[in-house]
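In what comes next, chain A is part of two complexes: it sits with chain B in the first one and with chain C in the second one.
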Partner chain A sequence: MADGVDVQALTAWVREFDRLVAEHEGELTGLDAAIGDADHGANMHRGLTAAVAALAGTPPADPAALLKQVGMTLISKVGGASGPLYGTLFLRMAGAVGTDEVDAATYARALRAGLDGVLARGKAEPGDKTMVDALGPACDALDQEMAAGGSLAEALRRAATAARQGRDATVPMLARKGRASYLGERSIGHQDPGATTTALLLDAAVTTLGGEG
Partner chain B sequence: MKKLINDPADVVSDALRGMAAAHPELRVDHENRVVFRGDAPVQGKVGLVSGGGSGHEPMHGGFVGPGMLDAACAGEVFTSPVPDQMVAATKGVDGGAGVLHIVKNYTGDVLNFEMAAEMVAAESGTEVVSVVTDDDVAVQDSLYTAGRRGVGVTVLLEKIVGAAAEQGRPLSGVADLARKVNAQGRSMGMALTSCTVPAAGRPTFDLSDDEMEIGVGIHGEPGRRRVPLAPAREIAEMLLEPVLGDLDFTGSDGALVFVNGLGGTPLLELYLLFADVTAVLEKAGVRIARSLVGSYMTSLDMAGCSVTLLKVDDDLVRLWDAPVRTPGLRWGT
Partner chain C sequence: MARVGLVVVSHSRALAEATVALAQQMLPGRELAIQVAAGTEDGGLGTDAVAISAAITAADAGDGVVVLMDLGSAVLSAETALELLADDLRERVLLSAAPLVEGLVGAAVVAAGGADRARVGAEALLGLAPKQAHLG
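For the complex of A and B:
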């Protein structure tokens, strides 16, 4: 587990992400009510529960198949903007891993590919008050730690910390994408729900992929 | 919350069952939540697909039928449908002449329709062109927002473009016409009360008895400003001023004028407002070529209205007058 991630670990990651989103559903919906349309928590919860059920129903053979299945389920079940964005994240990760166990460097590359996919799909830039503001710093932290020869566990811890800092940094930002952008100046002072969910995705990775579960 | 519902979670599927029962000329795919024309796909005709969150009825499902849409996808209340629905709709209306996606400019709708178009392209040879409506002048259109929202013009576009497709115009012509209609239309809305989303159970925002929200969106998004309640003739001025300021409607062919109710405002008040709108337009030198008054793009039970102006020419007027047979709009033979 220290240097590789298999189908079981990735399944655990998705299950833990689902559990964290369910646990925080009220908080996510509350954040979305302030600057969006109050459905982010419910939509993500519905999609992830379906993804977990699909994984249990037909367990994928390899990491690429697993990530693809999760991505497709999220696209089919979430709706709103989050469905295509989180779905694209997992689909691009699927394209960046093979059928073998995923080593630390591949995982980092895959998450970066996921970020690139989200950027291409949503056309958001860093600082627009979106999930990119948590995912971008997480990828950077992961790459830095891997370049320094750290373990996946340590790299994921750093990435999760960076994601949480990125999430917190969205509070003073002016929203430039999505429904929050209609608020203009009034979006300032609110934490972005999408970035909050992304921080949970990285928190889930620490306990399930970093060998600390 | 007092609503005619069984369970907040079942509102959309229950309503679709009712639609299917009331309109046997339509075919409802309950699994994918798509309303089809009963005779879809129509061979040789460009297929028109739209869709969006539910809660705006009769848009879009109520605009399915000869002379308008071939299929409409119903999302959860105020939530975009998912690509699977749009793929099913697209395949179901492909009569060999291509399919036009009519998408209102909201991030969720745009992203899901985009993915659906990619999935259709990857799976089949069906040609899909997308046109995005963005006519709401309440939103500043800049690099720093998601852009203007698609509102009232969408209804007019679906009617006009639907008539063109019915005449057998090719996909490129139908798409160009759709872009032209969007470019020539502008809208502005206002709310007297909030709406109540069934799943939320309480009003989306608070508005006191002596206030109104100018520039509100159709999902209860906040508007440009909150001001004291005013007489209808002042509201007509407040709504038309930014519309007339954004585009010149004084051309000789005039404008199609659409006063739309948001769901909780009686037709009596909409006609009253239309009279006041007429007075403002007369003063501004805008000729009224055609008009539409009623609740066609609603925001659940919100009280309030929107005003849409569409600059028209002979072609657009002829297409507007062409026969249409849908639950929501019906005229001609």
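For the complex of A and C:
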């Protein structure tokens, strides 16, 4: 397989992310009901459905345009804090790729740029019980596997595993950002919905960007 | 005399419009346009960075804009909206940390009086002072 990502693969990634979020919408909203405002699943589903519809309606010509279009749709349509956060993730990725097919190293750099954007936007730190706790470990695993000469497929599998572990690690954390932070100690013992969605984003990448779709 | 624009960002259109009505009550006979970016397209609760950037653009008459927000995603969406603006307009926008209701009332009164952006922003931040003084 070619170790690169084109417009078709990125479209498939966003579609698969949308499908997984739809499949898990009840679970995500349930997690958010425990420590937030019970809208995360519905918000992400609304935003991603709009993003997928936009991709079908006006198919972008290149990877940068595609990622930008997805980001703009999410910042407009999600409604909750996940809108600016996931929107910024995709917009920063758009800024880190060009108009050509995205090679593995560029994809890893772009996801790292997305993480940096999320950190700057949300001002969360690792351990604050947010999507950063899944996305950070995923970027680290991706970089490590790429540095070791691994394929994008293998690196994405490692990244998805790291994201799931990061998601699970949010359970005992005390929330310091977002609505959950209003709960203080009562946020402990609940899995963070944002980190849960990020694990789905990486799961979607494994099956669509790793040449296994 | 400066003409500073005001924008209200809220999860709820009803909350935003009621807050504007409360502020307008302080301005009998005076014109002050307050733009609203609130709620999702389908009438639900949520914020939209694209709508906020449009409201800021509409509110600017050359002397800049002060943006009042409720909480959470309203703040993140307002910050995201800044990225969508032209560079020169972005430099004229102040995102206020003031509480939405008290901040808007304070900001509206001085904005209608022709205060500049820094003064409008400062007055918004002072919005809680009367309540705090009263309740000790």
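The rule we apply is simple: the second predicted complex is superposed on the first by the 211 of 213 C-alpha atoms of A that agree within 3 Å, B and C clash if a C-alpha of one lies under 4 Å from a C-alpha of the other, contacts with A are read in each partner's own complex, and residues count from 1 in each chain.
Keep in mind that, in the parts below, a residue touches a chain if its C-beta (ideal position, glycine included) is under 8 Å from a C-beta of that chain, and two chains touch if they have at least 3 such contacts.
Every value quoted in this text rests on a predicted model; they were computed, and no experiment measured them.
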item	value
Fit or clash - chain C, chain B, common chain A	clash
First, second, both or neither for A:186, with chain B first and chain C second	first
Which superposed partner A:75 touches (first chain B, second chain C, both, neither)	both
Comparing the two partners chain B and chain C, which touches a greater set of residues in chain A	B
First (chain B), second (chain C), both or neither touched by A:24	neither
Contacts of A:40 with chain B and chain C, given as first, second, both or neither	neither
Partner chain in contact with A:83 - chain B first, chain C second, else both or neither	both
Which of chain B and chain C A:158 touches, first, second, both or neither	neither
Touching partner for A:176 - first (chain B), second (chain C), both, neither	first
Doubly contacted residues of chain A, that is, touched by chain B and again by chain C	39, 43, 75-85, 87-88, 121-122, 178-179
Contact footprint of chain B on chain A as seen in their complex	37-39, 42-43, 75-85, 87-88, 121-122, 174, 176-179, 181-184, 186
Footprint of chain C on chain A - complex, ascending	39, 43, 46, 72, 75-85, 87-88, 91, 121-122, 178-179
Touching residues on chain B, where the partner in the complex is chain A	75-76, 78-84, 106-108, 111-112, 114-115, 139-140, 143-146, 149, 197, 199-200, 204, 217, 219-222
Residues of chain C that touch chain A when the two form their complex	11, 40-41, 44-51, 72-73, 76-77, 79-80, 83
